[in-house]
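I have a structure here, written as structure tokens, and I will follow up with some questions on it.
As written, the chain order gives the labels A, B, C, D and E, with residue 1 at the start of each chain.
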Amino acid sequence: ACGGSDEDTAADESNTEEGTNAEGSEEVSGPIAIDGSSTVFPIMENLTYTYNQEHPDVNVTVNSSGSGGGFKKSTVGEIDLSNASRPIKEEEMATAEENGIQLEELELAYDGLSVVVSQQNDFVDELTIDQLKQIFLESSDATMWSDINPEWPEEEIKIFSPGHDSGTFDYFNEVILEEQPMKEGENTTLSEDDNVLVRGIENDPNAIGFFGYAYYAENEDVLKVLGISEDGNEAVKPNPETIQDGSYTPLSRPLFTYVNVNAYKEKTQVRDFVEYMLNNAGKAAEEVGYVALPEDKYQEQLETAKSWAE
Amino acid sequence: MNGVMEEKTNKKVNQGSAKPEVNKEGIKKEKANNIIEVSDLNLWYGSDQALYEVSMDVPEKQVTAIIGPSGCGKSTFLKTLNRMVEMVPIVKTSGSIKYRDQEIFSNKYKEEYLRTKVGMVFQKPNPFPKSVYDNVAYGPRIHGIKKKEVLDQIVEKSLKGAAIWDELKDRLNENAYGLSGGQQQRVCIARALAVEPDVILMDEPTSALDPISTAKVEELVQELKEKYSIIIVTHNMQQAARISDKTAFFLNGELIEFADTDDLFQNPHDKRTEDYITGRFG
Amino acid sequence: MDKGLQSEGKMIDVQQMIEKNKKKKSFGERIERIIPFFLLLCAAVSVLTTVGILFTLLRESIGFFSNVSLFDFYTGTSWSPWSGEYGVAPLIGGTLLITLIATLVAVPLGLMSAIFLSEYANDKVRRVIKPVLEVLAGIPTVVYGYFALTFITPMFQSFIPDLGIFNALSGGFVVGIMIIPMVASLSEDAMNSVPNALREGAYGLGATKLEVVFKVVLPAALSGIIASIVLAISRAIGETMIVTIAAGATPNLTFNPTESIQTMTAFIVQAATGDTTFGSTIYYSLYAVGMTLFIFTLVMNLIAQYISRKFREEY
Amino acid sequence: MLGQNEQNIKKRMEGRVAINKILMVLFGLATAVGLVFLVLLFYRVLTQGIGYLSLDYILNFPAPYPEEAGIYAGLIGSVFLMIIVAIVSVIIGVSTAIYLEEYAPKNKFTEFIRVNIQNLAGVPSIVFGLLGLTFFVYMFNFGYTLIAGGLTMALLILPVIVVAAQEAVRSVPAEIKEASYGMGASKWQTIARVILPAAIPGILTGAIIALSRAIGETAPLIIVGAATAIYTLPESLLAKYTAMPIQIYNWTGRPQEEWQYVAGAGIIVLLAVLLIMNSIAVLIRNKFQRRL
Amino acid sequence: MNGVMEEKTNKKVNQGSAKPEVNKEGIKKEKANNIIEVSDLNLWYGSDQALYEVSMDVPEKQVTAIIGPSGCGKSTFLKTLNRMVEMVPIVKTSGSIKYRDQEIFSNKYKEEYLRTKVGMVFQKPNPFPKSVYDNVAYGPRIHGIKKKEVLDQIVEKSLKGAAIWDELKDRLNENAYGLSGGQQQRVCIARALAVEPDVILMDEPTSALDPISTAKVEELVQELKEKYSIIIVTHNMQQAARISDKTAFFLNGELIEFADTDDLFQNPHDKRTEDYITGRFG
């Protein structure tokens, strides 16, 4: 909510504190505050956990209050790193600038947004982008599966979607729905909790929904992932290869963290952690069910990051 | 000095005459007349024994008084007669109590039935937080009397019986909690009378009453014994002497002596009874 | 007593000591004067809390109502904020439905449990069962949420075939289970503090336990019982995690308990923990819903308090 | 009896006693319903979580691997939170109750406080979260710290404690208050020496329920920013922290199935703490409770 | 028949002698000896008036009895003397009460102080739910006496004074709620004695006691008046006659007659008094 003007003083304080610390060199210590996307949280937890084992004096805390929640805090300078499953929005960037905060984007991994139905669903295997629009768009009249394809049963489509303003929804909204409103009301269930979506879809042959690849991967036995085809091309299903090589389009998306450059400059431990993060993010991403970026991409970003300190 | 005192003085005059003593055994033989027969009653509160081997036959349609010093078990004994004492969960009893030849401790015997037959008036006034009317009508109502006219009749009769009708006839719908202690107690007596029980147990029923109400209740007790058997605990020996036909003297949980009232007061059989009634005790 | 009098001579004079102590007592007197102020300050905390809540809710609601008219908000029957429809009725309906189901479960079960514990169970049983029941109120609502979703719903589905995976019924039912101890425990306390002399009076007239319970104990304990029910209902209205997880997130104006609904609280969580962009109308709408919820509980409580005052019996 | 013959009364008696028996069974069954669901819940939680429960689990910080993850930070965080909540809310709550029952003049303002408290008891926890965010986190500038969380929770359960304490204070018999005043005891002496001791069982019952509620609360802590992953214990009131329900909620939200069991283990620990709290309070309560 | 009765019989013998009547005004003149002076006291419970224009001077170091039928305002009057009646919030009073020439209704006058000086024993036993010891030590403790030896001494002395030391000396640490009614009441009397007040108000203190305890308490009252002034409400006219120096008769909230006890009983000035004490009343 408020508190934008606090930033300067907060920064000053940490400045003097860290100044002395920096001279001591090698042994880094002090706090690092991270918040943001719940999608990115597992990667970040993995990274901070291993980092903390090497640097027990660094006091890392990670919250997961969503991409927007993270930006709410990072744009006023309350946190050092802000995780996001979508790029920062212009108005958020503007807020940051007003507050004298410089945020820089780093990509950590890829996620393949997976469109799924229940294993009990025996009629759909793949969908085109147009069909997705027909199913999800408010403006479309289709409410029955038979409205999409006459061969499909005359049953109501039940939609399960992540919260409307979550990073995951935002991305889907942007690339599939082209920023037009999605259906709402009786046959739509929104939840911030992806496991809840899994439960909802798994038992209903007429349900359809989407969420991060990791949730599909863990529930392969009860869910059926749909192949997505664009512009008459062959339908592609998400898997680590198709996500990394970009053939699963357009639903393959990058996951980010935004670094508070002011903090990066002033706090040794933030600098140290960002370096560690970029060196280890690929491994961490794979461990928690996401797809790593190509290795050189991490190194490239590391160079960029180092340039901020100047 | 006043009526009450004079009556007592009369008793005093009788003191010289020595009637032949009728002991417990003697009474037991007139079985037909006993409404309650207690044999070898022991009672424990947890591990503390409060009654020891009490045996006593309560005659029908007479007033039986129970006297004894504070803490001797009078209230406990009285509550045993309608099994109210079992409300204290740690209570254990042994022995037998027969009401009209039926064992009240038997599993088959319903305590609710017993308590309809053996009514009770308590030491501390305990009206329900309801109107005077509802207090008195409580008993008849639980026994299924619903007709307004009948209830009205019962309430009036019972309040009259408890010598409080005139005071309260215009306040029947007031909450009984607003009454003074004495008024409350008389409402409680009216409440007990309303179900017209067979036996009425009274635990120091007049201790909260002024002399006039006390005299009325005592008078009432005399009237009631035409139809009912009454057992009354009293801390007031004069009262026992005035109103009872038989008196039982308890001490430390034991029944020391039980005899016709005149005999007991004029010719106590036991040294302790004599000490107690002559005030040499303690 | 004789001994007491004999030793009288060497006894201390208590009043004299009291007099002496009284001179030292200015400290005590100061405490006596300070305490009420301290207590008043503490009592003021709750007022300040309300003021704080109103401040928080109003400040942000004003932002919302500059975009959406108050009239549309309270008369609209469709809630889909992402398409700009802000009729709060479906959320209120969802809240009411959950509360109704929970109350239907908790009040009978809770009261019966209270009666059982207070009047029928012996001391040992009461001392074991009461705290065990209270555990129900302490289980994190997240746990209940998953319990409802993964256990109760499938169970209900076996005899209500067209029950959706998210539905008001299991959400409300589990909320009801959760608030049983609020009703049971506090009502039991109220019944327990009814003087035993009252019970004795009724038993002495040949009343059965049941008659004593219904005609003497319950009326005497009524204010405590109503207080416990109000607390329980308030808790049901405000319950968040269970309904978020098990009742769905479908703003749906229906009184069919087998359907998926959304409560006011569930919407607030959805909007507050989601990524709602700070400053957007949707972000502000959560405060408007919060405000509504607040007014809602206010009205509910005023009604309940009126009832409780009307039935209060002194003893 | 008037208008009724003996036979009728006896017959009715059979019926009344039978109804009493039947309802007794019904009341017992109703009590059992709550217990049955408790057992079911415990059974599910235990079967899910027991496999992951170990000393390591209790002493480990959060970790990205289910086998290494532990609840230590949450456990200690929750305990610290509860200490703050208990101290603040019991002191303020009982004081408020005493003020209202014993000191407050019978006027509009007192009535307003009373109504206000009753109403606060019905305000959803999430709204308290918003309050805490506005005031403790930002306005008082505590940030996302233990004290902000603790104060938010304390305000949340305050009304429950006040209402319970009021009821307890009110049910102290007037006779013993009179006895104390009759000895020349001042108001405060009477309160401290007679009223409070007699009201303790009721106050404790309220406090148990209230703290039980606080320790499982998730929503307001999310709003006032309890951390999800943290590798140090809070060292001061102004330190960041996490709490058990936050960790549990976070684990249940993960895709991999093992995390459900990690969460189950967390629930077991949370319930164990709850049971310990309850047992202590129940012991105290039973020690004091007797029917007057 | 026993000691108590004999004493009363003695009184009766006196009945013939006609002492000159000392009326209210007569007493008022001996001002030096009055410890409490009540003038024109009116008291209302809400809109119900319970006391009407009561004026009465209580003599020092004597026993003053208050009699009257149930509900006539005895308890109310007594509670007014130490301002306990103000605990009922709807109570309003007018008039004046002076204790040792100081107006107790004055704002400056501390009611706590008044109550240390004017102690009270209530109608219903009301021990604290604490141990016997703590009950009796309560008064001294709240007035700052903390030394164990002193408290021990006070407790022993007070319990002896209340005729219950022998019964309870080994049970000092038991909760007073486990005692019988009579025992509880005597503990309450001991509790009041423990602060050694100047005036002791007793509201039917023996109504829950057996005759022996009653006799002891009566004896005690006689002893206490050496040092203290005692005002005792009783429903028992014999008791009033036995133990009091002066007696006040209340009826419907009015003080009908206040005179030396012997005079009042033998030579009642007012017809209503006479009717009441001869039992012709009601």
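The rule is short, and it goes like this: a contact is a pair of C-beta atoms (placed from the backbone, for glycine too) under 8 Å apart; a residue touches a chain by one contact, two chains touch by 3 or more.
Protein names from UniProt, one per chain: B, E = Phosphate transport system ATP-binding protein; C = Phosphate transport system permease protein; D = Phosphate transport system permease protein PstA.
Everything numeric here is computed off the predicted structure, so don't read it as measured data.
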Labels of chains that are neighbours to subunit B and to subunit D: C, E
Chains touching both subunit D and subunit E: B, C
Taking each chain's C-alpha mean as its centre, the one farthest from subunit B: A
By count of C-beta pairs in contact, the leading pair of chains: C-D
Whole-Å gap separating subunit A and subunit E, where each centre is the average of the chain's CA atoms: 83
Computed distance of Cα centres, subunit E from subunit C, in Å: 48
Centre-to-centre distance between subunit D and subunit C (centres being mean Cα positions), rounded to whole Å: 11
Subunit A residues counted as touching two or more neighbouring chains: 1, 65, 193
Subunit C residues counted as touching two or more neighbouring chains: 28, 150, 195-196, 206, 208, 211, 269, 273
Shared-contact residues (touching 2 or more other chains) in subunit D: 13, 16-17, 133-134, 173, 186, 222, 252, 292
Touching pairs - complete list by chain label: A-C, A-D, B-C, B-D, B-E, C-D, C-E, D-E
Parts of subunit A lying in touch with subunit D, wherever the complex brings them together: 1-3, 6, 31, 33, 38, 41-42, 44-46, 48-49, 52, 56, 59-65, 78, 193-195, 212, 214-215, 217-219, 284, 287-289
Subunit C-facing residues of subunit B, complex: 82, 84, 87, 89, 112-117, 119-122, 124, 126-130, 138-139, 141-143, 175, 177, 188, 191-192, 195
List of subunit D residues in touch with subunit A within their complex: 61-65, 133-134, 138-139, 141, 143-144, 222, 225-232, 240, 242, 250, 252-257
Residues of subunit D defined as touching subunit C within the complex: 13, 16-17, 19-20, 23-24, 26-28, 30-31, 33-35, 37-38, 40-41, 44-45, 91-93, 95-96, 98-100, 103-104, 112-113, 115-131, 133-135, 155, 158-160, 162-164, 167-168, 171, 173, 186-188, 201-202, 205-206, 208-209, 212-213, 215-219, 222-223, 244-245, 248-249, 252, 267, 270-271, 274-275, 278-279, 282, 286, 289, 291-292
Residues of subunit C touching subunit B in the complex: 122-123, 195-208, 211, 215-216, 219-220, 313-315
